[in-house]
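Next come two complexes built around chain A: one with chain B, the other with chain C.
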Partner chain A sequence: MSGTVKRLVRGGVLLNLLYVPAMALFAVFIFWPFLKGIQISFTNWDGYNQNFQWIGTDNYSRMFGDPDIKTVVKNTFIYGVGSTLFQNVVGLLYALFLNTRIRTRGLVRTVIYLPVIISSLIMGYIWYFFFQYEGGAINDLLQLFQDQPANLLGDPKANVWIIMFVNTFQYLGIAMVLFLAGLQTIPREYYEAATIDGAGPLARFRRVTWPLLAPSFTVSVVLNLIGGLKLFDVITAMTNSGPGYASASLSTLMYLLYFGREDAGYAATIGILMFVIISVVSLFALILLRRREVPA
Partner chain B sequence: MRNAAFALLAVIVAFSVALFGCSQRPSNSGANPSAAPSGGAAGPSGSAQPAPSGGGDKIRLTVYSTIEEPPNQEMMKSIASDFTKENPNIQVEFQFPGSEYENILKVKMAANDLPDVFDTHGWAIIRYGNYLADLRDQPWASQLTDSIKPVVTDKDGKVYALVMSEAKDGITYNADILAKYNIEPPKTFDELMAAAEKIKTGSGGDVSPFFMSGVDNGMIGGFLDIFATSMFISPANNDAQALLDGTFDWNKWAELAQKLLDLQKKGYLNKDVLTAKYSDLPQRFAQGKVAFVMGAPSFADDVHKINPNVKIGYMPAPATADGDAPTFSGGERYTMGAWKDGKHLEEAKKLIAFYAKPENMSKIANATKLPSGLKDIQSQHEFSSYYEQYQDIRVFPYFDRVYLPNGMWDTMCKTGTSLIAGSVTPQQFADKMKSEYERLRGQK
Partner chain C sequence: MNGAKARRRYGLTGLSLLIALIHVLPFYILITTAFKAEDDLSSKWIMPGYLYLDNFANAWREANLARAFLNNVTVTVLSVLFIVVIGSIAAYPLARRQTKWNKLVYLVFVSALIVPPLTILVPLYKFMVNIGGMNRYWGIILLHITFNLPMTIFLYTGFIGTIPRDLDEAAMIDGTGRFGLFYRILLPLLKPITATVVILTGVGVWNDYQFSVFFLQRPELRTVTVALSSFFGTYTSHIGWVAAGSFVAALPMTVVYLFLQRYFITGLSSGAVKG
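For the complex of A and B:
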């Protein structure tokens, strides 16, 4: 090793240089398009024309007066917060169950994790066939008890929750794996000490498992929140955001505005709103959850 | 420190050069590997490719088409293959992106990097006009049919595309069902509603008079588009000028929206209209569960695959105004336009001219089962007799292409779906159309 390289390694410079390709890629494919997105949100660009006008904050004032936005933001929160809640509760229960010495542990873990590896678009289509009006499996069952099939995906009051359920079902495995990994890092001695002190299963969970699982909880919640808040594929496959925009999320609305309504300027504005919502919610969750983390 | 700065600079420069290299558009003509210096270029087996024996560089033309049916795609490729036989130095590479076609083309327009030849699918002038070469001097240009010529020609005489297939959208019907209930193809909207009622009651609800899809909501938009022509453009007293100059009374749209809503309220639509997909249509049509479908019978082949015995009929859209006659909504279906800034514009024009040959246009008409966009093209297919029967029916350009600003189609489809879902009223639909119309007109 030459003297220069040695000095670079010792000074940590070479290590820092290794960041450069990743940073450059980030700058080109994430940061630069993000800045362009902000720029476009102040224009009336239709998405393909070489010419467009600056319209100041018109898109932003339009967004606050848009009757569809309220529904779409509400849906986005149902997909984000609802999925996170169910994924973590059920994922934790599965992890606790699989952390015991049962024989089929490996098999159960694989089965629960399996949906994660399926494309979410395909998952949406699979569930569409379950819920569809004519010939859908759910309706075949329902018709054992009632005459008419239920138009579940066409009902705006039901389809948002169905989509949330499908997203929960698919990514449950990630929460489970994170919790399982967290559970396996908790030393057995803590449980033994707690048992000697007279703690029952519930007290052991509350006093030992729950606080020491906090780091896994933070990662799982933040990942699920971000994934749920930008949900796209399942919605497109199951309802195409419909009826109208009744089941749209901010992601699908942005796509529909850009490509369908040729309203790229406004779509960029929706993108900025989505960025703000995801940033604020996930940062808030991160700060809140970090506070309750304790070192193992 | 100076060394560290130098190393950092070197990495950034190297990376930038790499990125710069990646961003270069691939050259279509000069990329012959054999043109590279031979020293050391061959692999271990010495397998460097020799130059093509025909001499000169190979030109690769990229063609994007909206054709989705595999047999029709093969038909297009076979014509291209004949072209390559005549022009061995020109290769034709087809892309059929299907439902993503429009999105891909929009991205390509934004990047100002279009295919050499592409389908304008109804938007030759309004959307793609600035990117298309003038084809007025081509031998086929004077042969465009009278109905399609104004659609792809502007006021200065620029011809934007070869129209291989012309659209004449009316209503596709299950002829067996109409025969069973003794119904003649309706000529007025009232007759159409009476026929729907007869089918609904006669079948005890087993047959859905109309099929639409809220997921593929272009079917709902299609109903509105076709009957907007019938209500606002076709009658002697019409609103065409008001729509063009921005003085249209949008309250009238509520009447059209009410017609759509009535279809649902009276039980004339499939019960799962909001969640059904277009792909559900062929099977239901083949099973005799659907009587009328708005638009052209482009799904006929899929129906016959399931049930070859179904007889499919075709008719113009019934008149909605008293004393008016039925109409077709028409325009471009499958077209070929040439990118004006393409590297191989002359070759692209040559390819288009090859497709415009009468024998090739006949092949296209027979495969797509659509009327040709050029005069005197012979065709014989399942629907030829219908097009002959209705050859004197007036063909109006698609309503939205002429009277609505670009970008309103989606509003019409989405709000139409919301109307059926009960989320908006006909008047709210009309208000939405008005506000979008004014917004989009204002920004063009």
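For the complex of A and C:
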């Protein structure tokens, strides 16, 4: 080995070679397509033909005037923010409840967490059996009180919330487990000290549990936000975005425009909107929540 | 134990069982639907009082689940293997040589955690068509590897950072090179975090639908979720078949989870909270 190479090895620059494979994959399958996507968003490409025209910012002005987009962005936020809210509230309640010496806690935790490891497409089908029009489990109950079954999945006022519920139910376990882990890092003495100072259960929660759970809270909120904002499988399984685009998210709309309508240029533009929304919302949440974490 | 305390305890146990019951309901309905004969029009809430397995036979055959499981195993095993190798070696210099440049590289890797790769679906699809990666195992595997690297590098870099550097120095004095050091000294220490990475990425790849459905469209290459969804589209009226197919599809991961649940649950929380 020549002197220069030897010095480089000792300095460890060659060690950087170890991340070259990862970087190459990143460059090829993330950065390059990303740049290409920006390019495609300025064309009227149909997804197949080699011929297409540059149409400037037409796709973008079309997007801002598209009434479907308004619905779909609203749905995306219901799926993202709505699920995150319920997952964290219920997840925290479950964690507080299970963080006791209750005998059944192992069993209950196992059951609540189970859907997390099952494909969300399959969970979507399972809930479809509940909400389907003919012979659905919910309608069997409703028909004890009324003659006609309710078209729950076909009703745009109901199906978006049903999908949000299904997503919440599936990933509730993540929030619960994160909070349980967070609760176990809080020293018992803090509670004892607070009790001696005359703090009741509510005050103990507000002054000890809540601030010290902040790191778990950050992770849980950001994970659930990203998961909900990109929701795809459950929608496909339960309503296939219908009726029309009434229950579509940005993910499923992009898919339908590309493969169903051969509107690839516009679909790429939706992809960029989705990129902007998800990164802005989750970064905003991350920065906001990190700020309230107590410095260790 | 006095009376009031005991009553409170029974109450809490009862409440916990009620919560568990609510969370089991979907699976109960899945089972009643999957085991019910096609001409049995009774409510999904009612267990069939007989053993009927035709739904399973039909789903297994029509959705070609045997082939789908084989595809799933192939894609998952190869993806996870490469994720672990490429991710762990990439994390080593990022954790041990914290130059300005490497910190930037780390930031670039980890920032991809926030942005779902689904946003680049259109150009990615075009690109995969161009390089001939459509309907090929290697195509979807390369995508799974790439999209799981941010999480993997994040977890490994964090974990290697907690291993004392003295260990590296001791090994170096003994004449181990830096690359040998990684394999002989560090790799065995990385077992716990590797278990976490295998579980997190393995579950993700095994259950994937949103990428597999685009890149594995040929029937003989479909993974379980893709096979199920095309099956669902064709046989929506045979709801029992769909239920049986879903049941079979969810079974392997559920069994693994029930046996290794401690690793699943602690893996997730240890991985995430550290960030």
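We take it that the second predicted complex is superposed on the first by the 275 of 296 C-alpha atoms of A that agree within 3 Å, B and C clash if a C-alpha of one lies under 4 Å from a C-alpha of the other, contacts with A are read in each partner's own complex, and residues count from 1 in each chain.
By definition in this document, a residue touches a chain if its C-beta (ideal position, glycine included) is under 8 Å from a C-beta of that chain, and two chains touch if they have at least 3 such contacts.
Not measured: the values here are computed from a predicted model.
Touch criterion met: A:272 reaches chain C, while chain B stays clear of it. In the overlay built on the shared chain, the residue A:260 is in contact with chain B alone; chain C does not reach it. When the two structures are aligned on the shared chain, A:46 is found in touch with chain B, with no touch to chain C.
Comparing chain B with chain C, more residues of chain A are touched by C. Legend: residue contacts after superposition of the two complexes on their common chain; A:151 is shown touching chain B, with no touch to chain C. Applying the stated contact rule after C-alpha superposition, one finds that A:97 touches chain C and leaves chain B untouched. Within the superposed three-chain model, A:244 lies in touch with chain B and out of touch with chain C [touch as defined at top]. Of the two partner chains, both chain B and chain C are touched by A:132. In the superposition on chain A, A:21 contacts both chain B and chain C.
Shared contact residues on chain A (touching chain B in one structure, chain C in the other): 21, 28, 47, 132.
On chain C, the positions that touch chain A within their shared complex are 12-13, 15-17, 19-20, 23-24, 26-27, 29-30, 33, 41, 43-45, 86-87, 89-94, 96-97, 102, 105, 108-109, 112, 114-127, 142-143, 145-147, 149, 153, 178-179, 182, 203, 206-210, 224-225, 228-229, 232, 239, 242-243, 246, 249-250, 253-254, 257-258, 261, 264-266, 268-270, 272-273, 275. Across the complex, chain A meets chain C through its residues 9, 12, 15-16, 18-19, 21-23, 25-26, 28-30, 32-34, 36-37, 39-40, 47, 94, 97-98, 100, 102-105, 107-115, 117-123, 125-127, 129-130, 132, 135-137, 140-141, 169, 174, 177-178, 180-182, 185, 215-216, 219, 222-223, 226, 229-230, 232-233, 236-237, 251, 254-255, 258, 264, 267-268, 271-272, 274-275, 278-279, 282-283, 286. Put simply, chain A touches chain B in their complex at residues 4, 7-8, 11, 13-14, 17, 20-21, 24, 28, 44, 46-50, 53, 55, 132-134, 149, 151, 153-154, 156, 239-240, 242-246, 256, 259-263.
Those residues of chain B whose C-beta lies close enough to touch chain A in the complex are 3-4, 7-8, 11-12, 15, 19, 102-103, 105-107, 109-110, 112, 127, 130, 214-217, 271-276, 280, 406-411, 414-415, 417-418, 420-421, 423-424, 443.
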